[in-house]
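One structure, as structure tokens, below. Some questions next.
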């Protein structure tokens, strides 16, 4: 009966909410908030519970709830809640579509997390996909189309994997996996992982993300922060729950890393690198964040591919962090867009003085993104690095490390271009974002801060997941975490940091008695005092770097896809000529078809 | 061994089919369709044929009679064929009214 | 009870070491000015000049203030660099480095830079923005070889902990003897890390008016001078710790307090040598442009570092050398 | 006991009663037709419920089978009859939009079309099947050219030529079977198929396969589809795709499974299905007119059903039948919506239809229909597709499924392009849809969502697929 309450709360409640918020359009955003709040809060009593059931709607939905489900729900539902909270001031009042589709997406996502057979997984997966599709459609049809094509590609890759699984087992149940030969497993896992990797926007399947992430920001926060984690979940389930470590190791090992996982780890590292480099050169705030998202999920892929306890733990932790900080960043971008209507970094600037709280939240998220140790973002990155280094992978580790340096570059581009630097005259009267938006961001900031001080808490959950999947255990205590080659203690770090910060503060404030706060235009400008000039140096910020990279940037996966599509469309035009619109030709086809039928029949006789 | 009466009907069908795909005149095409129909009817009627049989009227005098069912079938088929032809011709008339020609190629050219 | 005493003693020693480090840094800055001047055939200021400068600047009240974000710069910069120093063994004394490894240190190093960049950005001076852009690009440039170097060390010594690294070097030979190629790459990367010529692009005084520093004066500048003094010690000491055994010549376990004193002196000598190399290069080279710097770093030093990495990889993984 | 023959007799009777009614009141024609279809739907539901318990064999004219003509209604036949009648009922609401004279003939022909399709689904006699095929065809020829414009006539001409060649082949097949077995009853034929000369059997099978393939829109016999669909009046197009195509495919299924149980020929059916999907979807992609695009897409969907039949495992054929249901509902919805769009935008060009779906009365059913056709859960289009694919996998048709999925992506691409145009913001003002447009749309949408969320009843029916495959009714 308990599972029914879980199914009810996490799947049915959002579904009912979706219906209600469509019917009661006037209160849609608030209804959406309430119905997103229920699962997000109800989640806490469910910690550590394990249960399962079968729901029969004509097809049997096998559902279960365990700590993995719980862990992923924690990020998804919280991010969804924050997005809905943000949306209460972002979305136009009286518009039903947004809440309805968000809740549908949430229900789908929770369903994916609870599914324990492939049919259920696929049903909820697609439900989530198309509701996201329509949400993208609300802002742009073309972007939605790109999103949809890749969502469907992902679904069809999954179908291939599911189908081969079905061929061997005759069942859709995860638990029915036995007696599949290794070659079968290779295909199943390849298709499943690629299918899930599309959602995680792993190179070269990432090209949908920069487009889809340009739609409404609260939704994008959910898409990037929440829904992309379903890819992580899927890969984790496919590799470590359905197949299991033994089968992965059966493919042969390379320094005790499965040979099957290793290519994916390399792909992930490469994604991290590419995503970061491309993010550096973006001027569109949303696109920058999109590429950053691609890069960050590349790290997660590395961890999932490597498959040591430290790596998988790091991947899960990083996915968790990414859910929160990327949601804050997208929401922050949303707040800026909401207040100014602009999204080009070079057109903004100086908003930190007008929107200080937004700035602080975004700053904190950026600390997490860049992996500054005062947030939990560092710890997950640390785990991934150490996982690669302790196994001495000289290709993966440098790619990841240099990508994280690149992350500083685009982080600063956001900070400087949007929040610092010169405030445009036009934005003199910009107000701070409305309270619900700030509350949403503050809510998302909490876990990043808490788990930076007490990493042991979250590592305990992750450890439970890892033990459950027979991957191994992590070494950690409440404040510290260790790998085989190193470790760090956050308590010592925090105390020292606080003390030293206070010392600096003392040194700094000792003599500051009277200071005049000057206008930002009161600057050192080589003796000239122009009345007003646009001096925000954010346009084409990394131009020298861009010039250096230009020969390489010419190659774009995006364009490669476009060429590929164009090639096919030309082919389609040729095929279309078969339909000549002449009935006599058609009659002739009929005759030929008859002959072929006869010949085949004769041959088969 | 294919019975020889099959050959005649197959020839008729093939001829009709040839007309349908080769002739450009709409009326001729419809005639071709009709020929195919006739060929099939011939096939049907001939499979019911029994050597030396008479009309299937059961009064005990003639023990050998042809199979009555194909005849019934052919009657139906003829009726259907006629109505299809009528519709086809009316469509041809419609096309002629719209384009002023019954040549397939010209109809196509007019549309473009 | 002894726990608390231990912690207090450690804290006191740490504070002492940090204070000394800042002093060393200021001294080095003075020496650098003097040496550069001598190379340029000038007289130059006395070597204690920077102490006077800092004292004066910190005593000044700053007249203007931009906004609250502007204050981030000195606070984060100084706190961050002190934090980094605290995680770095100096002269064999491990401070806090047992509680965090190289990767943590690597990220702590970013804190002051980020704070500095934030403050610079908040000044709304375009020169500052350009300066930070250059600094970050330069960072991306030199990190490439430097990370490969770190990786080669971590792979060869099979540890990410600085303390372990020092111990292993103490018991065998210094890393520079085993991995000379990596050491070379690291030294080239160091030049960029310290933003000495030919890589002083971010602060190029003649082009962009000292770049990020342009709006800072008085109290602010004083804090930032302390920061740069600290960062000189961090950077040179990092090299010494990584490749020159941290200056440990006597095992503290055997020689006790004497070892600490001797080691500290050796460490001082070594970082002085590293600093002098940087200063000599600085004195004779013109300035690169930023894209040249990027291309340079991603070409030759990266290649050298990759060779070093290959050497470490072959030795550690294929030949199975374990230290 | 309700006689399935009523499903045929009632439309036939009313079709010829309509002229009399029109003498009395011309305005009442649409309502009478709708009422007849409603009556038929109720009867179809009753017949279906009856057939679920045990297959019904309704003997006509007093002769006992195998000699007499028999109606053979299994659960699947009843199910399909129910789908066809329901679709006809809902489409007949949309038919009230028709204003072009002669309306009397229009309604007569629709009733005849219903009668023909019902007959094709229900009959257990192979010659009877031919007769109903011809009734359907003749009604279709008339309806296709109903607009009396060049497009209509051209489409009808192609349909006539291909359709009559096809039915000629059906007749050849029947003749050949009869020549050897002297019986026309399907079950009887199936039982005694072993007595047939193998060469004759092949020729007969090929002929029947070809003949019904024309109606079932199988490649390369489907060339008439786009133009006929394009030229026909909008409600008629909806009827074609949801009624005649369904009866055609069911006849094909009867030929494949009930009459000839050729296990070794099935892979060829799969390939034909795949080719149908491929060409349908690819050519649909390059279409610029909405109805043509939908017509080609319809070909693609039918190809999927043919594939499902060809795969031939229980699960795949279940999928195929589910897909017949979902295609009948989804495509009818889309064609009705397309009809409204053409009317509102006054052009068939999709590029001129910007923002037309922003009216929720059109947009939401349209979206539901398209998502269902794309195969997204929880709409009915999903189960059919998924089951067909899984059936294919269980037989090891990996490469074929992969190609099929590639073609499906093309389908998604053009539907997404269509959605993009239809929902993009635009300043154009379109006339609001009348209730005769949105009521059928919403009814179809409700069916699509309802059975998508709770497909249990459909799966209950599809349990009988195994018996059907074994050669039952």
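Some points to look at:
Here the chain labels run A, B, C and D in written order, and each chain numbers its own residues starting at 1.
In the analysis below, a contact is a pair of C-beta atoms (placed from the backbone, for glycine too) under 8 Å apart; a residue touches a chain by one contact, two chains touch by 3 or more.
Remember, predicted model here, so these are calculated numbers, not experimental data.
Chains making contact with subunit A as well as with subunit B: D. Compare each chain's C-alpha centroid with the centroid of every protein C-alpha atom shown, and the nearest one belongs to A.
When C-beta pairs in contact are tallied for each pair of chains, A-C comes out on top. Ranked by separation of Cα centres from subunit C, the top chain is B. Between subunit B and subunit C the centroid-to-centroid distance comes to 98 Å (mean Cα coordinates, whole Å).
Mean C-alpha position of subunit A lies 43 Å from that of subunit D. In terms of their C-alpha centroids, the spacing between subunit C and subunit D amounts to 77 Å. Distance between subunit B and subunit D, defined via averaged C-alpha coordinates, is recorded as 27 Å.
For subunit A, residues touching at least two other chains, in rising order: 581, 583, 585, 587. Across the assembly, subunit B contributes residues 17, 20, 29 that each touch 2 or more other chains. Within subunit C, no positions touching two or more other chains are listed. Every pair of chains meeting the touch criterion is listed here: A-B, A-C, A-D, B-D.
Every residue of subunit A that touches subunit B in the complex is listed here, in rising order: 581-585, 587-588, 591.
Residues 56-59, 119, 122-124, 126-127, 129-130, 134, 137, 141-142, 144-145, 148-149, 152-153, 156, 159-160, 162-164, 166-167, 170, 569, 572-573, 575-576, 578-579, 581, 583, 585-587, 589-590, 592-594, 597-598, 600-602, 604-605 of subunit A touch subunit D in their complex. For subunit D in complex with subunit B, the residues that touch the partner chain are 127, 130-131, 134, 137-138, 141-142, 145, 148-150, 152-154, 156-157, 160-161, 164-165, 167-168, 171-172, 174-175, 178-179, 182, 184.
Looking at the complex, you find that subunit B touches subunit D at residues 13, 17, 20, 26, 29, 33, 36-37, 39-40, 43-44, 47, 67, 69-70, 73, 76-77, 80, 83-84, 87-88, 90-92, 94-95, 98-99, 107, 110-111.
Put simply, subunit B touches subunit A in their complex at residues 17, 20-22, 24, 29, 104, 108.
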